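First up is the structure itself, then whatever we jot down about it.
Per-chain numbering from 1; labels A, B, C and D assigned in written order.
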Amino acid sequence: MAGSSLGTIFKITTWGESHGKGVGVVIDGCPAGLPLCETDIQKFLDRRKPGQSRFSTPRKESDTVEILSGIFEGKTTGTPISLMVRNENQRSKDYSEIASYYRPGHADYTFDAKYGFRDYRGGGRSSGRETIGRVAAGAVASKILEEMGISILTYTRSIGPVTISDERFDPDEICANPLYMPDAAAASKAQDYLNHCIQDQDSSGGVIECVITGMPAGIGETVFDKLDAGLAKAIFSIGAVKGFEIGSGFAAANKKGSENNDAFTTDSDGKITKKTNHAGGILGGMSDGDAIIFRAAVKPTPSIAQTQQTIRKDGTPIDINIAGRHDPVIVPRAVVVVESMAALTLVDLLFLNLSSRMDYLTKIYADSEP
Amino acid sequence: MAGSSLGTIFKITTWGESHGKGVGVVIDGCPAGLPLCETDIQKFLDRRKPGQSRFSTPRKESDTVEILSGIFEGKTTGTPISLMVRNENQRSKDYSEIASYYRPGHADYTFDAKYGFRDYRGGGRSSGRETIGRVAAGAVASKILEEMGISILTYTRSIGPVTISDERFDPDEICANPLYMPDAAAASKAQDYLNHCIQDQDSSGGVIECVITGMPAGIGETVFDKLDAGLAKAIFSIGAVKGFEIGSGFAAANKKGSENNDAFTTDSDGKITKKTNHAGGILGGMSDGDAIIFRAAVKPTPSIAQTQQTIRKDGTPIDINIAGRHDPVIVPRAVVVVESMAALTLVDLLFLNLSSRMDYLTKIYADSEP
Amino acid sequence: MAGSSLGTIFKITTWGESHGKGVGVVIDGCPAGLPLCETDIQKFLDRRKPGQSRFSTPRKESDTVEILSGIFEGKTTGTPISLMVRNENQRSKDYSEIASYYRPGHADYTFDAKYGFRDYRGGGRSSGRETIGRVAAGAVASKILEEMGISILTYTRSIGPVTISDERFDPDEICANPLYMPDAAAASKAQDYLNHCIQDQDSSGGVIECVITGMPAGIGETVFDKLDAGLAKAIFSIGAVKGFEIGSGFAAANKKGSENNDAFTTDSDGKITKKTNHAGGILGGMSDGDAIIFRAAVKPTPSIAQTQQTIRKDGTPIDINIAGRHDPVIVPRAVVVVESMAALTLVDLLFLNLSSRMDYLTKIYADSEP
Amino acid sequence: MAGSSLGTIFKITTWGESHGKGVGVVIDGCPAGLPLCETDIQKFLDRRKPGQSRFSTPRKESDTVEILSGIFEGKTTGTPISLMVRNENQRSKDYSEIASYYRPGHADYTFDAKYGFRDYRGGGRSSGRETIGRVAAGAVASKILEEMGISILTYTRSIGPVTISDERFDPDEICANPLYMPDAAAASKAQDYLNHCIQDQDSSGGVIECVITGMPAGIGETVFDKLDAGLAKAIFSIGAVKGFEIGSGFAAANKKGSENNDAFTTDSDGKITKKTNHAGGILGGMSDGDAIIFRAAVKPTPSIAQTQQTIRKDGTPIDINIAGRHDPVIVPRAVVVVESMAALTLVDLLFLNLSSRMDYLTKIYADSEP
């Protein structure tokens, strides 16, 4: 099993390599009756498109999505939605060199170890282009969430040593700077930092944060398919992610119970809520109705222009210089990938929860005539 | 779907509540021919048994496992292995009080939100006793790994502010102190710290670390079922975990590519390896043959003796005092749970990888006569 | 994967061997709020219990079910329901003989071929006792269907050459004779036929028929998880089944379209229905609101008292006589197994269908407060 | 879940509607190193292509497959194989009429019942064109089987009342007549019969038979994922199938154990085999090394030119005449679909079996270096 599918009910399967004919995704399990058009999806894809600032690779790809199935008269039909983006940048440059050695921080060696050989053109299946399918599917999941009043806000929390300030937090700023930071001052500092990285032929890591509001309480299954476990898997399946935390996260390890527990209370409408949210909106693996907050640590781009030591396939040492201009930081383009993976996870768990109670069944099937 | 199953090929399903008749697990997909007896499993269960030091709840349970199926003449038969531990501590104490309000940091409210009501006796299904099934299954998975030369070392990395020192790291020390710390000095300090927590009617969080050696390279699927994604889900499915990281983890976010990349090299046997291991043994979601290293952040025990504010089901405020003596820290008893979840994940991915290459197929089926 | 689980949302996992400690099942995904007690399940188990007539093996087993988890205050909690039946008939008779050869029509050889060895006591996992778990789970599924107004009627259609007559069809007769035939005259003839089989140290096959009424239209997924495909798999997973057909079934192969098509019409309430039901209640893999009708062909019991030729494990020929009294026909005791497998399939597809439409989502989540 | 995926390890997902942009399939879990090109797949697709004789619909489609991913330098890479066939026949004819009523024997009504509306153009997702994805994937599965020495022979057994004769059985004849019958005389008679059906504006059903040779013994899981259960599901998921049987099938119901049991013996090479094969090559859900034989009953094409009675969506009666020339019999074009579904099932179970024994594990991982 190549593990290219995610989800139990809202299930996606991505396909495609960096320098093959294209990349795509099949979404199986989207309910019928959701209004959907290519623009809905293109908006998401444009957020991860390369070449939009000097902090992203200038590879020229329009990344235009084509809906191949599953839509009729502007609405989903309940049948699989097949989405495809043709690769435009398939020039047959000479990859014989890259084929012969193992780039540090990349999956070249592990692909060879697993399969005996690999499609070495542009990273093949381990290329960031694989995330196009995720984002296209994430756009559909996000539309479903939107119809249910659930919103996801995702942004860059830090780049290298530069972290956003909670005081200056401004959601409108996220799309106003090329780094997707909700803090103009931090964004400016981070750009300076990245310019230094570029000058040094180096790259930077960073942290992405995601806040989900409007989730009903009780979503997530109670043992292995916990909401936080599902998010952890989904986010960790993104190539460069090395850490994941929810709510107070790693900081909780150095806290006392009296500090970390969130007291229950009611809001002005009498709705049950919590006085604080160290839990990050999840208790016992289920949403508690509060904002869900998580963070993902993203490693620095492994493709750097500096000379690096490595070995050839036969084990002989070699000094390499990775050609071409690469993203000096993965974080900004990964923001929409994180958001997409979160949306996919939430939708699947919302659907799984539909059979959690006998009275839901009777509510649906009491009057199920067409 | 209540989500009580984990794994695609080596699949486990746990069942049972804190104060029901018992807890257990069914393991489906264990290969035939593995020598297995109750002692193999009991050894693991004894590592999480309560009442073994003053830092764990004194609930009296022998937690004796019974193998109900799947073993014949001392070996697994390939059919499901059903394991059960009877609950001994089912005294019908009065739970009517606890049934009426929502404990901070617990799943009381979310269970009610999901299912409309809950088995409130001792936390029901969200009790730590659910992990008995995981650990019993983990013991079986660990036996499989052992036969393949794969070892897992798991221990307490920190409790509250007390962290082990890499210089004093001594694996033999792990089982020599009740906190499972591989550093006697740190263990002693941590015990002092916990004694203060107990005095203050409070609890502490901590960090668990896990190191896996002997993994062949290339294990893990390349997109959603990455080895790190699988570990992230498995570890995050443990109740109190709030953070997970691999290799340099969150620290990678503040690193440059030139620092974080691991140069490939060969060892004295000519085997491909890396000069450093910031990757934590995983590249592109597959094992790279190096040690796999991950850490889990565990929140402080939510059950504390201090008076806490919360609400009743109807929203009216109430001050509560949680009776009984609870673990002042979850970490030491969770060490074997983390190890078990890691073992389960590795075995499933090792099995999935068996169909990754055509030549594996011919190797098995060339001479498949009984 | 030993394949002991069935279902995507309403998922069951059976375990246990004929002469192990017991047999059982874990049901994961049962909605919360279903009233359930051991009597509900025992009623089903009693329908497959041995020793109830001269046409079933006299093995003495009370087959008493124990609910180990998942029920609280008389209702399902939404967590796994673990059910166990202890084996009472574990006497250590000498099986060394049976271990050495391969019985015709049994799975002795294929178990050895697959796993290298087998638990040969009473057929091990391939024993009919494995179906106890299915029937126990089927009882729970049937309770869910009952609450939704869906009924299943299952009975013996034929035994050897004796087939029920449609004119004499009387559902009340089913439980009135030991063969579960809805036709007293046919039941009487079939008993004569079986008595002859017993005299001849031989056994008989037969056909089971199942009629499901009250299904809403549109249940079943449209491609691989069609309702008929799901039923086919579920029924064919019962050991002795060799054929399965829906509606006109094999007879459809010799019909013309003009004969086999069912004209749509409306009933007196204006509800859409069909003038005939050659389709057996399923069109395009989905229920059409009409009665679902299917039949399963069951082979004759392979354990017969006559001398049979076979071979030892080493290939040398041997004449064997299977000791003990075996069911001369599998059909009557398999009736409740077929009914259970049908119920399990229906419930899972009813649950999967809950996310088929956007308006179902809003119906559930518009007012999901606890 | 729309249920468009099949398989646990070798997993396929089909997509596409009759009159959408195209149809296709993603294969996830194909091992690396299988030589594969478009011709391998096209050969299979050409066997189901319309317009090849007067007994198939004259719809003009070249059905040319495009491999979009997963192949590098002529071999599979282990990553998903995406296959697409563009629909050419998308002319926007007026479907408003067909949209308004429910055709007998079709899924029009059940689609509306499930999803609230439907893509009514040419049957939408329930069109026979959906099987293009299955056949394309089946071609890949068949290549894997071929490399393992497993062959599948599939053919028309009967059309209406005309059945092949075992004496005249000639596998070379299968591709020599447009009905794929291995008996020239029967093929000639069946063509006469079909000409009469066409004249009468009617259609015919038939039976497809499939024989698999070369399977190693022990393939198939022992409880729910039995080999026969898997085949039953796979074959029953084909639109027009109404019956399925293995070996002696329904005839077994009228047999005695002494007739139906197959005595074990050894062949001239000392290999274990059976004197007869009433079991159809499967015992206890596992292959027994003998030929696997099954049959599928296919209903007559529901689209007939005769005037038929039905109703409009609002329930009012209407007499309809289905325009266009349709296949007078589905069987010949379904032969390759049945073969494909069988191949997909076998490959998945062969892969699942790889983890059935501890010694397989050591055989693979003892020397797993790249």
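The rule is simple: contacts are C-beta pairs under 8 Å (C-beta built on N, C-alpha and C of every residue); 3 or more make two chains touch, one makes a residue touch a chain.
The structure displayed is predicted, hence computed values, not measured ones.
With centres defined by CA atoms alone, the chain at the far end from chain C is A. Between C-D and B-C, more C-beta contact pairs are found at C-D. Look at where the CA atoms of chain C average out and do the same for chain D: the two points lie 26 Å apart. Averaged Cα coordinates give chain A a centre that lies 44 Å from the centre of chain C. Rounded to whole angstrom units, the spacing between the C-alpha centres of chain B and chain C is 38.
Counting partners per residue, chain A has 1-5, 8-10, 14, 29, 32-33, 78-79, 109, 113-116, 125, 216-218, 222, 272, 352, 355-357, 359, 368-370 as the residues that reach two or more other chains. Chain-to-chain contact here is organised exhaustively, every possible pair of chains being in touch. Remark: chain A residues 1-6, 8, 14, 102, 104-107, 109-111, 113-116, 125-126, 130, 158, 160-161, 197, 200, 202-207, 216-226, 228-237, 239, 241-266, 270, 272, 274-275, 279-280, 283-289, 297-304, 306, 308-311, 315, 317, 352-353, 355-357, 359 touch chain B in the complex.
Across the interface of their complex, chain D is touched by residues 8-10, 29, 31-34, 78-79, 144, 147-148, 216-218, 222, 271-272, 350-352, 354-365, 368-370 of chain B.
Chain C contributes residues 1-5, 8-11, 13-17, 20-24, 26, 28-30, 32-33, 66-70, 72, 75, 77-82, 84, 109, 112-119, 124-125, 368-370 to its touches with chain B in the complex.
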